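In what follows, a structure is listed as structure tokens, so that the remarks can point back to it.
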Amino acid sequence: MKNQFDIKKAYYLFLLIRKSEEKIIELYNSDKIKSPVHLSIGQEAIAVGVSLALSKSDIIFSNYRGHAHFIAREANLDKMWAELYGKSRGTARGKGGSMHLNDISKNFMPTSAIVTSAIPEAVGYAFALKYKKKNSVVICYHGEGATDEGVFWESLNFASLHDLPIIFICENNRYAIYSHQNTRSINDPIVSRAISFGIDAERISGNSTEEFFKATIRCKEKIKNNSKPQLLECMTSRWQDHVGVTQPELSKEEENNIKKAIKHDDLKNLENKLSKDEVLHIKKRVNKEIEHAIKFAEASDFPRSSELLENVYY
Amino acid sequence: MKNQFDIKKAYYLFLLIRKSEEKIIELYNSDKIKSPVHLSIGQEAIAVGVSLALSKSDIIFSNYRGHAHFIAREANLDKMWAELYGKSRGTARGKGGSMHLNDISKNFMPTSAIVTSAIPEAVGYAFALKYKKKNSVVICYHGEGATDEGVFWESLNFASLHDLPIIFICENNRYAIYSHQNTRSINDPIVSRAISFGIDAERISGNSTEEFFKATIRCKEKIKNNSKPQLLECMTSRWQDHVGVTQPELSKEEENNIKKAIKHDDLKNLENKLSKDEVLHIKKRVNKEIEHAIKFAEASDFPRSSELLENVYY
Amino acid sequence: MDKNLEKKVINYGEAIYEATYQEMQRDNNVFAYGLGADDPKGHYGTTKDLHLKFGKNRCFDTPLSEDGMTGVGIGAAMAGLRPIFIHQRMDFLLLCMNQIVNMASKMRYISSGEHCVPLVIRVAIGRSWGQGAQHSQALQSFFMHIPGLKVIAPTTPHDAKGGLIASIRDNNPVIYIEHRMLYKNAGYVPTNSFEIEIGKGRVLKDGNDITIVGVSHTVEDSLRASELLKSVGVNAEVIDPISLSPIDYEIIRNSVMKTKKLLVVDNGWTRCGFSSEIITDVAINCEKITCERLGFADCPCPTTPSLEKHFYPNPSSIAKLANRMCGGNIDWSPPEVVQHEILSFKGPF
Amino acid sequence: MDKNLEKKVINYGEAIYEATYQEMQRDNNVFAYGLGADDPKGHYGTTKDLHLKFGKNRCFDTPLSEDGMTGVGIGAAMAGLRPIFIHQRMDFLLLCMNQIVNMASKMRYISSGEHCVPLVIRVAIGRSWGQGAQHSQALQSFFMHIPGLKVIAPTTPHDAKGGLIASIRDNNPVIYIEHRMLYKNAGYVPTNSFEIEIGKGRVLKDGNDITIVGVSHTVEDSLRASELLKSVGVNAEVIDPISLSPIDYEIIRNSVMKTKKLLVVDNGWTRCGFSSEIITDVAINCEKITCERLGFADCPCPTTPSLEKHFYPNPSSIAKLANRMCGGNIDWSPPEVVQHEILSFKGPF
């Protein structure tokens, strides 16, 4: 982690996510991918900005929409692809799929398909960090929909009660599947609610990688100084359907919002700040890495049937 | 319901609660009462003040600490006592006990022993009132401890989303069993949290029957005008142990608080506003009613064993 | 059954829709809610456009608050409404256990009959196509365990419709279990409103050699297995219990008295499951019956198809075990039967 | 068992305390938390003053947030701590089902062994003295149903201590079930730290005529019933399974091969319960065994003592049924046995 925003790295990670997701779309109907996928296209800036602000020892909790968080954390892309293919060299030897990625070498915890369920665990992990007097922080990514669940507020309450080192990253794309946030709560309340639960909370608009980076740096600093848990409500939008690779059925208004967002795609903004050569170099690298990952996945075997009953118990 | 505070009636109900609870203490160790009891002594002003502000058609949801709410609603005292005795003429024919009182003729709903569990039901009932275009409101009594549960916030969110006719009466006695509120959340946050969930919320200090009455009237008016759900945080204290009739093990500080509260006992304040004759008359009436209830309970039979399997299904 | 009614071939999803639509039409107190209840896909069409037809107070979306929303349904039911609470996956019921078990199931008892909770909780069981550990559980035994709850799991479109109408009209909380792999199942269904009796099972195929009892989608697989078994001369009787609580013990006892062999194929884990309940009843009440059970493998459900195919019982694993129980060749390998509904399933996820 | 260890007579509650204390001493990663964990009464003394001895980060009270607090325990366990999460009543676990079933039980599987969840969830079952419908449930079958969880329910102080230490050291989530009516039970317990093997049952009394299997407090009642049965010449074998998942099927099978009769006395409802699991295993694996079961009546628990006494199995109802199974006089009315622990129970509530 440096306090300086590294545009090249940001562009590289952003592109790696975008291209991976696009590759998934391309391959999806071939039935090679054995797992439903929740794509992150449109929301990558958050994962990239946040991840660039982290140290190796920081801990990541994410969710079923976790590809961007996984890749931005520089977790093992080969294994991620093998997992999507249901293969034994996958992050969970094919037993988890896209919704349950993990990479322990990067402190990327197994993700859950049940909304909000990993949030109290993230808080528990932060509790353990404090208990053991470690300096790391926990990053807890979640959607705005996750804040509808009561356990979200139980988690925030406990985090604030114990001053735990945790940053909640609320990715507010306004939707839970097809439900707009307004149909689930009034007054756009996430920041005000979080504050009432004793959390330092701030909204970051603009869907800019660099702004998310800076905000995360600020949070980490605040945690160091006053050890209060933090929440960033990161405004963004999801350009694909909730799940799978079909096109979403959108209202005119939402269609326009997404068009606008696409016009301001931060990937282009980052690209514009780099030289042609740099861009070309990164593009090549990204393509190569994705090709490599797909080859890795293709070459891997499916797990043997005896694995069915393995790892139920320790 | 009248908008005028009826001191005589307030004193009568208050005394009826106090004397009933004291009678329970007196009888408890005789093993006639077959049910654990959570006494309301110290908190009666809330139940009395709120109840005097209600109409017949309003709906009450309470909890395991429900004697005061039940009596203040002028629900059937004979049946309550029979229920405490485990007898077949009890409110639940002896199958519910103190923690599951109900009186459908007074719209007093069955109470629950699981903290917070009746709160979403109160909200659901309010939903039904709106659905059926009724004018009544739901009163939902609960402790401050109940606000620790996530489902409390789910309930408030839904109530505010649908503008439901409900008044949450938070009886803040600072304790959940032996846990002080400060060990469960920071910054004394109930009102601010409720507001962030879209609820009109206000704190009422002073433990005064009349103030609780006035506040409830205000809430009912606001519901009529803007149909927003309301919350009153009613500051109070519980003078007995959490459950049973033992004396609580208290810190010096809390002991002093309770001493102070006893000195300002609103029962005495009410009494002081009445003539000697009036007081005497009410005292007599209260004693008679309690005696009657106890006789009723004593005279009732235990349920027949065949009742064991009755009323499991409709 | 329903001899004089006009019938039409519709599928399971349409049957659920029809039941809901007709009941909402009949009774203003019926309303349907849940995550995505009014979304464009309308839960496999089962709630499609109900919000447009009946207004958004009678069919509405909710916040992601399963626990609270269950309580809301209970409270509304106590006030005289008849809510249908819809879940995209049965796994989400784990968030609602307190309300269902501590509140709904006991409301009548703790008020000695003063209150009742006519709430229907519709839950879909998922499987396959990578649904994995958290999106494929079938937890019927939890609800069967609890007095005060009714549980039904219809298999045919006929019973899906008649069962849902009966559930809506029932004054008790009913867990109505549907299986995603059944939505496309077609069959004759009366066009008018009708109820099946909750608590009665159905013999779907007569036979003398062995009794096979399935649950929900495994009834389908048991029927397929019975086809396989014909080729080895085994004539299986296949029973669809339809109602899991109350259970029609009689229909099963009567069948096993005849066949002397019982194979229960659960659509769920076996330990303390539906299958243990059925076998136990038979072990206690019938003499000299050979019993076996099949169900989910004793592990969470893996996503990869290479393992998932060993996780579930299937027509050929059912047939193989049934044949062995009937003294058949233990080396018999029944052919794999194509389960079209599973292969063709591509969502909506 | 533990032949060479120094032993002392202590009660069940003290055994739990001793196990916790010794483990907290041994391993800094062990901590205990839950509602009232540090309150003056310390959960029947089982956590008494631990916050003073080990500091308040190692024994602490929580907000009333059972769901969230379970997740906190899981997360802390994933980070290498060994939490003991304590509940005053098993009924409250209904609020935690999502975390226990969807998260804790599957964490290892969905990460193919990268993670484990060494979390102990201690839960007390209540009964009598008006605890009623919501404070007396015994939901062991829910947890037994789920692969990935271990479940134990010790009866003796010895097994309470050795079982808790084993649970704390186990790398899987363990549901540790204690019964409020057992806290005062006294018995010899090694003073030093020791583990029992999770998954092994124990024959508490040898006999040839019938096998009686209890669970938690009904093991006590089964022993009492076996005393009653002596008077009619029936020599019962009483088995304490101790571990409910994994289950020691062998010890039960071996016993019933000898006695040919099995009576399972559950401390919970019977449908899809512990008793159905045990009887089913025997029905499948052993020949010609007569089976019966007892358990909670098929209703919520009433508060009034006049009905509650019919809700639970008791020594004389157990003895009566066992005697009938052994061909004894069906009109035999065994005397009522005084259950001191129940009569004398007056809280803390």
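Annotations
The letters A, B, C and D name the chains in turn, as written, and every chain counts its residues from 1.
In the analysis below, contacts are C-beta pairs under 8 Å (C-beta built on N, C-alpha and C of every residue); 3 or more make two chains touch, one makes a residue touch a chain.
Bear in mind the structure is a predicted one, so any value in this text is a computation, not a measurement.
When the partners of subunit A are compared with those of subunit B, the chains appearing in both lists are C, D.
Using the mean of the Cα atoms as each chain's centre, the chain most removed from subunit C is B.
Centroids of subunit A and subunit C (each the mean of its C-alpha atoms) stand 36 Å apart. Centres computed as Cα averages put subunit C at a distance of 32 Å from subunit D. Look at where the CA atoms of subunit A average out and do the same for subunit D: the two points lie 41 Å apart. In subunit D, 62-63, 65, 67-68, 91, 95, 98, 102, 109-110, 132-134, 147-148, 298-300, 302 are the positions where the chain touches two or more neighbouring chains simultaneously. Residue positions 95-96, 100, 112, 114, 148-151, 154, 157, 161, 184-185, 312 of subunit A are each in touch with at least two other chains.
Taken as a contact graph, with one node per protein chain and an edge wherever two chains touch, the assembly is complete, since every chain touches every other chain. Interface residues of subunit A, counted against subunit B in their complex, comprise 148-154, 157, 160-161, 184-187, 189, 192-193, 195-198.
Residues 35-36, 39-41, 61-68, 91-92, 95, 129-135, 297-300, 302-307, 310-311, 347-349 of subunit D are the ones that touch subunit B when the two sit in their complex.
Remark: subunit D residues 31, 57, 62-63, 65, 67-81, 83, 98-99, 102-103, 107-116, 147-148, 150, 170-172 touch subunit A in the complex. Residues 34-36, 86-87, 90, 94-100, 112-116, 145-146, 148-150, 176-179, 183-185, 243-244, 249, 302-303, 305, 307-309, 312 of subunit B touch subunit D in their complex. Listed in rising order, the residues of subunit D touching subunit C in the complex are 67, 91, 94-95, 97-98, 101-102, 105-106, 109-110, 132-134, 137, 139, 141-142, 144-148, 245, 247, 269, 271-277, 279-280, 282-284, 288-289, 291-293, 298-300, 302.
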